[in-house]
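What follows is a set of notes on a single structure, which appears directly below.
Think of it as A, B, C and D in the order they're written, each chain with its own count starting at 1.
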Amino acid sequence: MTFLSLLVFSPLLGIGLLAWVRKTETNMIQWIGTAATVPPLLLSLFAFIQSVRGFPLERLDEAHHWVRLADFPFLTDAAYVIRYELGIDGLSLLFIVLTAVLGTLAAVASLLVNEEKKGYFMWLLALEVGMLGVFAAANFIWFFFFLEVTLVAMFLLVGKWGGFERERAAYSYLLYNGFGSALLLVVIAVLVARTGTANFALLGDMLHHPVAEGQLIAPLTSEARHWLLGGLLLAFAFKLPAVPLHRWLIRVHVEAPPPVVMLHAGVLLKIAAYGMIRFGIGLFPDEFRAFAGVIAALGVVNILYGALLALRQHELKHVLAYSSVSHMGVVLVGLGALNEAGIQGAIFQSIAHGLIAALSFLLVGVLADRWGTTDIRRLGGLAASMPVFSGYLLTAALALLGLPGLAGFVGEFTAFLGLFAKKPILAAVGALGLIFAAAYSLKAVLNVTFGRARGSQPPAGQSEPREAVADLRMNEAVPAFILVALIVAVGVYPQLLAGQLAAALETMMNGLGG
Amino acid sequence: MNLAWVVPLFPLCSFVLLLWFGRKWKQTSAYVGIAATLLSLLAAFGVLVSRLGGATYEANWTWMKIGDATLTVGVSVTALNAWMLVVVALVSWLVHIYSQGYMAGDERFSTFYAYLGLFTFAMLGLVLSPNLLQAYMFWELVGLGSFLLIGFYFYKEEAKAAAKKAFIMTRIGDVGFLIGVLLLFWQTKSFDYDDIFRAVGNGTLSPGMTTLTAILIFIGAIGKSGQFPLHTWLPDAMEGPTPVSALIHAATMVAAGVYLVAALFPLYEASAAAMMTVAVIGGGTAVFAATIGLVQTDIKRVLAYSTISQLGYMMLALGSGSYVAAIFHLTTHAFFKALLFLAAGSVIHAVHTQNIEEMGGLWRRLPWTAPLFLVGALSISGVPLFAGFFSKDEILAAAWTNGSVGLFWLAVAAALLTSFYMFRLFFLVFAGEARHRHDGAVHEAPMSMTAPMVVLGVLSVAAGYIQTPWFGSFLGEWLTDGAYHHEAAPGWIAVVAASVSLAGILLAWLMYGKRTVPRDWLSARAPYGYELLRRHYYMDDLYRSTVVALVSSISRLLGYVDRYLVEGLVQFVTGTVNAIAAAGSRGQNGQAQTYGLVAAAGLAMLVVIFALTGGDWL
Amino acid sequence: MSGTDIAFFLLALAAIAGAVMMLQLTNVVHMVLSLVMTFLAIAGLYVLLSAEFVAVVQVLIYSGAITIIMLFAIMLTRHHADDKERQTTGGVGHKAAAAFAVLAFGLAVYAGIRTLDFGADGSALPADNAKAIGQWLYSYYTIPFEIVSVLLLVALIGAIVLAKKDGKGAEDE
Amino acid sequence: MTLSAYLALSLILFCIGLYGALTKRNTVIVLICIELMLNAVNINFVAFAKYGPHPSVHGHVFALFAIAVAAAEAAVGLAALIAFYRNRKTVRVDEANSLKH
């Protein structure tokens, strides 16, 4: 089967086509760029539907010989064969679908990007390849490879197509994430050196089955495993990000072009959550226990810290950036609970926040396009001039604050449900974040949409007051509607996703021995 | 009964349809909303009737599986649920009809109806919930509905603030509720009411945990039902259109709190401390809010404080162990409070002001509204033969038999205050000479507004007779499946209740009707006390200067931490790297000996490390 | 204490003294001459180590050839007022760092060699070491030996090319 | 006499040579210091040839090679010194900083 390879690399076709298009033909570029995100979307939806109908996902696994490092005399014979391996389970499939959906929507929303469109789309598609690959990779080497692809693509997208302080933001992003990646690389190197394989499944076997453990090239002591897990968690804490490693996120959220932030907040942050779940819990379940308390506490800190800071921001993008910090805290809370409810909650929160953040930034992009500002002090009463937009924005705010019936609630509820079983007091403190979430999201959104109409102020850089502004256009309304529909669908019937996760979760829980 | 799930579905359809097509349909939207709620009301009647002969019905569907645990959603038709279903659907239907007249001509007419549909859907869904999870979800949706409707006039800054406040204040309660629910889940491994009651019954749930969860859930009810100290949003919620106030205050939003405690009654019964908390908060709120109601000048605010006070009554009933009395009062209150609000809406519609100082002499001008308002006022004051009298009497009897004498007298005091401020309102608005400016334009409301008021007026009298000492206690038997026995309360309680309410009316008449007692009697004698009441005991200011100030100062502090400490730390790291780089580049001075020195030092370092560690680590 | 030991200590003392004097003296010619003492002492040590051939080569090449070239180089370049000028580069920091690095290196290596002893007494060495060296050089080490000759040739030519006056330099003269 | 005494002597000479090479200002002296370091190494060769684990004349041969290379180095080094002096009219190491630019 080459299904997964096709899925992951199909956006490359778009890059290839774009290379032949002249820079000035922006319409053509927009069409090709958008169309190139459709094949992964269709393929991933197909896979999802098949999976719901009971198709075993293991049959999609791919493995090809890639590099053999066995010719060095100091390496043992069979070891260090690195293969090209792709494979997915229910967990990765969900993230792949999320990526593919957001990829297409971000491409549509990129209509707002006007300069250097050709390069922009090429990097956007590269970013999508990276993100799809990260979730489809079945071994560490390829996981890392795809991760670095996203890093480079994101760096360029922020640095070249961002706002005023784009370079600072891009370097900030590169530094933090590069550091995280370096740490991750060390962990991967040690693991591969000690086990001789980079394959997730094989690694999992070797690390905890006594029989398979005999195949280790060098034994891993419990202490070493704790260090490895610590390194892994720290690496992903950079990318999640966990307080106090979150400053880069704020800059990127503010400076990057909104469609890129849709993907960044929607998918890239989730890679960290995915990594913590897949590698942290998947490979080191016993050691994870030792970190669970810290992670949960860090999660609560994230929630409250992000929420309290979001409360005093005047820039809508800042509010959303800090709310991302807060929401990622919920993911940590779920992981810290380390039980089925908690992990499931963390996954749901990741996906829900992916959808919600994408919706928010789609709308913020529109706002910036129409008014030239996203400062909530300079806007007001937009519900009168842009009713549809305001409706969507309000929906986004409600989803952010975790209204039941929308996706955000399922994640928060399930994650907290998990933590309440382990650490009720900590969880209760964290639950206070829900109040602040309501406060900051309503404050920000109501200031923009409700109240006195402040639309007559001239937008930045223009002397004439803008009397009438266009409400959502078709190309904005359709993605927004799709996102809202998905948010509602997940919120109303979460079993649709939970059913896919069941098998993957069960494996993990077996690893945890609970 | 198998079709109980369709009851909330009609308003939901109305919401979705109106959101989608509302702009096209304009004024026709009202008919969609009215038809949907009518269907829902008929279905609710059907459920009630079939429940009459049948047993409790419950159906569940999987919502989400977590490992082995399955979370479900479903419908359950118990006696309480079926009863509430009818009350909610009825009031909602009447409000839908009324709004057609009241909101006519509004630009966002269809949106208004869409929100009404959502609100009704949420409340009906809450009432039908068989488990706490679903109850929580609809609970929040009820909050959403009220938020949207309170903020309906979004262009008014006050409406914006009020909507935000309503949502956040109730969210505070909701978090308490959520924590309680989650704790209960791990104690009982279920969200189902039945499983929880079983756990309470067989002692799986420890007494301490019972009290804790009961109180936490009660915090949710405090937030929703506007009990002290989370009541401040309710008067501000008057910024919404008046029919919304009727809906919020009568049947949906605030009733949810009382309903929740009633639905979880076995949990509360198991904990004396929780019962006591409920009773004390309820009784306290009843008097507290009534005193504020005495001096307000906004017609809707007076009614809002009376709602808080009456909800306190219901909580007092629940805390005193009389579940039936609470639901009874909830029902009668739903009717007369809806009536009062709709009548108030009609008055506002006529004179375009909400300030009672600017009204007066409307009795003749509003031939339908005025008598109906009087009916409502008599009912809420507890004048004998009106519905309010019976339900209030039941509560007083419950408080007395429960042995809490203090709470009993508190309730009596609240009754006195209630009848006083209601008639103060009545006399100021309808009696005397006209003080308003648009005298000529005042006219009675259209048929679509008066008709629902007439229905409610009838119900405000008739609803009392479903539970009386004389004609049998239909409601009590219905709610307890026949196990109800009317406790023999001393007969003098009814006499006290009646005389207290008449005394209140008399006092109001003396002050505002006949004017034998000067109006500034209180403000002249106790200006500070008067100011205290007028400013709602400074609760808003208190919150602003404590909770809000605290949160915002923490937030500001964290802002500095974020900008200077966290960012500073990062700057320090990057600065160090930069400094090392600068030092390194200073070494690049072209001096061969410097390069040699660096190389030699590096070599020396390696050799030293090697010598010290023995090189084993390699 | 045997005679060999006394000889070793005297020679070692002479070698170190020459090296230290080289560091401390101010006149360049004196410095080179003090080093000649070191070279000679080292040649003496080679004798003690039963490497008479190497000792002779040492005297010929170092004490003779290299020292003479050095002196020529000194004479060919100007060294006026050297006595008053500072002899070393850099500041105190540079010197201290160099001293520290050298000392650390020395101590660390000393820790390694302090007790190094393989128990060999050198009796296995052929008495006629010049002959043995010759045999090895022209049999086993033929190719390295030839390459060294090439190296020397290259050095010779390189030195000539480098030292030759170029056009620019000639104009300066 | 033991091996370690010779090695210690060679170490001392090497260190003195190194220090001189790193700090002396006169290029000639720097070159001489390097010669001193090479000599220190030669002592090691010869000492190991006698007291090492496998005593043989190979050590001597190596010492001879080292001397040959040292001689070549001295020749080239001095030639470079002369060239440098001709261009800059100085023999100070710290004035030879063309590497920087």
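In this section, a contact is a pair of C-beta atoms (placed from the backbone, for glycine too) under 8 Å apart; a residue touches a chain by one contact, two chains touch by 3 or more.
Just so we're on the same page, UniProt names per chain: A = NADH-quinone oxidoreductase subunit M; B = NADH-quinone oxidoreductase subunit L; C = NADH-quinone oxidoreductase subunit J; D = NADH-quinone oxidoreductase subunit K.
The structure presented is a predicted model; accordingly, all values stated were derived computationally and were not measured.
Contact with chain A and chain B alike is made by no chain in this entry. Taking B-C and C-D together, the chain pair joined by more C-beta contacts is C-D. Our note on geometry: chain B versus chain C, Cα centroid distance of 98 Å, whole angstroms. Distance from the chain A centre to the chain C centre is 67 Å, each centre being the mean of its Cα atoms.
Inter-chain spacing, taken between the CA centroids of chain A and chain D, is 61 Å. Between the CA-based centres of chain C and chain D the separation comes to 5 Å, rounded to the whole angstrom.
Across the assembly, chain C contributes 89-90, 94, 98, 101-102, 105, 109 as residues in contact with two or more other chains.
The set of chain A residues touching two or more other chains is empty. Listed for chain B are residues 591, 593, 597, 600, each touching two or more other chains. Working note: touching chain pairs come out as A-B, B-C, B-D, C-D. The part of chain C that touches chain B in the complex is made up of residues 89-90, 94, 97-98, 100-102, 104-105, 107-109, 111-112. Within the complex formed with chain D, the chain C residues making contact are 4-5, 8, 12, 15-16, 19-20, 22-23, 28, 31-32, 35, 38-39, 42, 45-46, 48-51, 53-54, 57-58, 61-62, 65-66, 69-70, 72-74, 76-79, 82, 85-90, 94-95, 98-99, 101-103, 105-106, 109-110, 113-118, 120-126, 129, 132-133, 136-137, 141, 144, 148, 151-152, 154-156, 158-163, 165, 168-169, 172. Partner chain B is touched in their complex by these residues of chain A: 175, 243-244, 246-247, 305, 308-309, 311-312, 340-341, 344, 381, 383-384, 398, 401, 403-405, 409-410, 413-414, 416-417, 420-421, 424, 427-428, 431-432, 434-436, 438-439, 442-443, 446, 449-453, 493-495, 498-499, 502, 505-506, 509.
Interface residues of chain B, counted against chain D in their complex, comprise 588-593, 595-597, 600. The residues of chain B lying in touch with chain C in their complex are 591, 593-594, 597, 600-601, 603-605, 607-608, 610-612.
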